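The following block contains the structure, expressed as C-alpha cells.
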C-alpha cells in the first residue's frame, strides 16, 4: 500500500496540487475536486469521512447529465483486457483483483452477454465497488442488478461510484486525528448475564502484509475487554478481521450440560472494517446452542 | 478411530461378550451393563441414542450410594501422571488430549490446589467430559464448578459421567440404521426473503483423518440446499464442521449499498455434531450488518 | 371493506369494464391498465401478486417522462384539505387514516415547510404508502427522505407508488385460489431443541371488524403447531396479528433456574400480513433471557 | 403490597426482632435467620441481593438432612385447600395466585396424580416459585420435572426454595441505596447503525396498582434514550413492563421498500424486572423483517 498523507497536509498544498491529488478520485472527472476547492472551506474538513461526504455532495447536487457522464466515464469490464491502457491507474488495480481474468468458456460468454445487456438496458457500464471481488462477486452482482428498473439502477450505480471514490480516498489520505476503534462484548443469553472470563483472540486476515494474531483477551466481569478497545490508532486499519471466542470453555465453567463434542466451541466471527473514523462494536450474543453478532456502536 | 459394530451385531453376541463389551462404558462399573442385560429387551434398542438412554436409566434409578461410588471410581486428574497405569484405557485416551501435561509452575500449582479443594468439598474427583479439552477448558470448568452447592454439583458430575459414557459408546457401537443428517437454510433478514443463489462451502475440521472440503452448494429459491441434506449416512460423522457462506456476493446481487470492504463477506459458522442419530439443522439468518445461527431441527 | 372479485371473474368482464376497474390502481393513470390489456394474456394471471407484477412491469418499462408524470399525478398532502374533492376516491380514503388532520401549530408549520421543500427539491409531491399512517409516520418519512439525492428519491417514490397500487388492488381483487398461509415454530436456544408443549395464542389486531382471538395451540414435539397452518384460505387475511407465546410456563417445565418474576413470561410478537398469496413463517427463537423472530418461509 | 423497611433499619432492630422478621423467609425454618445473625456481620450487608446471598449460603452449607427437612417443610399443593390454615402466611398468598383452584374434573385428577407421584418419587413436596403462576404453569412444571433423576430434582427444588425466599425478602426489605435502573438501545441491523429518532413508549403492566404508561421517548443519534435511564430509584420496581417500539415509522424515514401493511410496525417487548439492585439493559435489534432482544447489562 502506498503512503497516505493527512488531510491537513493535503490542504497545505497549493490548489493545483490538491486538484491533481484528488482529481482521479471520481473516474475521469476532475470537475468534482475542482468544485470542492471552490465551494468548501478546507478547514472544515478533518477526516476522510468528511472529505468523502463533501465530494459526494458535489456529485449529488450536479445535474442528471453530469451524473450520466460520470457513470459513462467508467471502464467497461468487457473491454478491460483490450483497452487496459486507457484505464486510469486506480481502475486497473481494482479490476486486476476481480478474478475476472479467470473466466473462461461458457462462463466468459455468459459474462460478456450479461455485461452487454446491462449496458444496452441502462446506457452506462456495469460498475462494482468491492475490494478483492472474485468472479463470483461480479457475476452475482451483474445477474442480480440487471433486472432492476432503470431509475433504481441509476441510484445504485451512483452509490457504487461513491464507494469507489471512498476506497480510492482511503489509499491516499488519512484523517488528521483518526478516532476509530474496535470494541467487543459477550453476553450469555442462556444465563442472562455478561459472559465473564471468556478467552478471545483477534486476528487480522487482510491486508496480507499486516495479517496475523493481534491480541489475546479475557472478558471482564461485564463481558468486555479489560483495558479498552482491542484496536485503535494506527492498528485500527481498514481490512478483514476475525474474533475467535472460546465459548466451549466458558460454558464448561458454567457446568452446562452439553454434549461431548459441543455444538459450539471455538466461534470465529469474521468482519470487515472499512472506515478508520468509526467506532466498530462487534459483540457476541451466545448460548450453548445459538449465537449472533452485529455491527454495533 | 477403531472399528465400531452395529447394535444388532452387538446383541447377537453372547451375554458375556456383550457384558465385556459394554462393561467399561461406565468407569469401573460393569454392574451397569449387567443390569442392562437383565432388564432390557435388546430388540427394543436400535440406535446408540437408545442404548445410551437405557444405560443412563439404570444409573438414574440406582441408589445414592451406587451413584457416589460411580463418581468416586473416576480417576483423579492430579494423580494422573503418577498413576497412569491404573486408569482404564478409555480414560487415558481422553486425558491425554486434555493438554494438562502442559501445565507448569504457578498454573500447575493452581490446578493442583483447585483439584484437591474440589475433592475435599464434594468427596468425589473432578470429572469433565469434553473431547480434546485443553488446559484452558479444564481450568475453566474446575474454577467455575468449585463454588457450586454440593447437591447441584452431584447432579452436574453425574451428567458429565453420562456424557463420557456417550462418548465411549460412540467409539464402539453404531446405530443399526443411522438416520442423522445435516441441513441448511439461509434467510435474508434485510429483505425478508430466502437468500437464493448464495454459495456455501462445507468443510470438516475434525476428526483430522477426515478433514477437508466436503461440498460446495448454491441455495435454491427457498434458501435451501438443492438435493437435500449436505451430509447423511456414513458422511454424517461425529466431529467439527464449518459452513462458509459467501454473503458478500449475495448482497452484491441485491445491489445493497455496502462499504468497499463489506462488514460481512465470507461468513464462517463452526459447529460440532455429536449425535449420529439426530437431525442437525444449522441455518443462517443474515443481513449486511448482522447474522445469527442456532441448532435447529 | 368492500367486496372483492376474483381475477378470473375480473378478466371475464369485457375490456372496457376491466379497464375501468383497474384504471384507478395507478393514480390518474388509466394508461397502465390499458397497456396491460394490450400486452398481457389474462390467462397467465391467477394471483393478485401476478397482476400487480404485470402492472408494475408496464410502469417500469415506461419512459422517464411517463414516470415523472405518474409521480406528479399524486395529490399534494398539503393541499389535501383544500382540494379534497379533486382526489381520487382511493387517495381520500388512505389519507383520512393518516392522522394528518391532527397536525396543529408548530407541527403543522413544520410539516408544510418540509412538504414544500420536498416538492421544490424533487419536482414531484411527497408520496407515502403506509396503511393507517399516523402523523408520526408521515413526518418521519418526510424528514428522512428529504435529504436523499434526487435519483435515489425518484426510485424510492416509484416504489411507494407501486405499494399504493398493491394496496388498492387488494381492496378490489382476490387470487383465484389464494395459497397463502401462516405457520409457526418455536426453538429453545438455551437447550438446543424444539420447544415442545408450549402454549401459543393467535389474535387478529386489525382490521377491527375481524379482530379477536383466533386460536389456541400447543406445540408438538418438533416445536410446530399440530394440524398444520394457523391460518389459511379466507382466514388468512391482510392485517395485523399477534402471537402470544407462554414461554415462562415452558421454561418452568424445564426446571430452568429463573427469577421469581421471570425476565420473559408471556411473549407477544406482533406482525403484519400484506400478501394473501404468500407463506408467512413467523417463528420464535427463545431462551429464558433472549428471543428473536423473523419473516421466514 | 405491604411496607418494606431498609436493610439498615432492619439491622438496627434487636436480634430477636430481626430473627422474627427474617424467620419466615425460609419456610418453617427460622434456623436460617438465626445462623445468619451468628455468622454474618450486618454491616457487610447493604442490598437485598447481599442479604439473600448470605441466607442462601447458610442453606448451601447445611447438611443434606437439613436440606431435605427444609424441602419437606413446604406445603403440599394437593393438601392446600384442606389444610389452608397450617400454611405460613406467605405461602397462602403465593398459592392463591396460582389459579390451581380452577382445576376441575380430569385436570384436577391429573394434577393430584402427578403431585403424589412426585412426592412418592422424590420424598418431598413439589415446590414452584413463580409469582402469579397459573394452573398451566403449575401443570407444565410438574409434568416437566417429574421425570428428572432425583439428584437433579433435589438441586432444582432447592433453587426454587431460594427463589421463594428471594420473593419473600422483596416484600419485606429494601436495599439501603437501590442502584438498579433500566436502559434501552435500538440498533438497525438492516443499515448497520444506531436507530436514531425512533419513538418508544414504556408501560408498566404489573403490579396492577402501578400499571400504566410510564414514559415516551425518542432515541438519540446513538440509538439510546436521551437523559439516561428510563427507570431508576423508586420507579424501578419489581414487576412486568412493556416497551413499544415504533419501528414502522422509523423505517419509513429510511425510505425502506416495505409492504403496505409492514411486517413489523409497532413492536411490543414485554419483560420482567425481578431485582431492584440490578441494571436491566433491554435493547432492540431490528430490521424491517426481523428483531431480537435480550437481557443485557
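For reference, chains read A, B, C and D in written order, and residue numbers begin at 1 within each chain.
Quick note on the criterion: contacts are C-beta pairs under 8 Å (C-beta built on N, C-alpha and C of every residue); 3 or more make two chains touch, one makes a residue touch a chain.
What you see is a predicted model, and the numbers here were worked out from it, not measured in a lab.
Enquirer: Chain by chain, through touching neighbours only, how many steps does the shortest route from subunit A to subunit D take?
Expert: 1
Enquirer: Weigh C-D against B-C on C-beta contact pairs and write down the one with more.
Expert: C-D
Enquirer: Would you kindly tell me how far, in whole Å, the mean C-alpha position of subunit D lies from that of subunit B?
Expert: 33
Enquirer: Between subunit C and subunit D, what distance separates the C-alpha centroids? Give it in angstrom.
Expert: Their C-alpha centroids are separated by 37 Å.
Enquirer: Centre to centre, by mean C-alpha position, how many angstrom separate subunit B and subunit C?
Expert: It comes to 45 Å between the two C-alpha centres.
Enquirer: Two or more other chains touching the same residue: where does that happen in subunit A?
Expert: Residues 152, 159, 189, 192, 263, 285, 289-290, 292, 294-295 of subunit A touch two or more partner chains.
Enquirer: Report the residues of subunit C in contact with subunit B in the complex, numbered from low to high.
Expert: Against subunit B, the touching part of subunit C is residues 187, 189, 192-194, 222-223, 285, 292, 294-297.
Enquirer: Any idea which subunit D residues touch subunit C in the complex?
Expert: So the residues of subunit D in touch with subunit C come to 128-131, 133-134, 136-137, 140-141, 143-145, 148, 152-153, 156, 159, 163-164, 166-167, 170, 197, 199, 238-240, 246, 248-250, 252-255, 257-268, 270-275, 285, 289-295.
Enquirer: Can you check the complex and tell me which residues of subunit A touch subunit C?
Expert: That would be residues 60, 64, 67, 149-152, 154-155, 158-159, 189-192, 263, 285, 287-290, 292 of subunit A.
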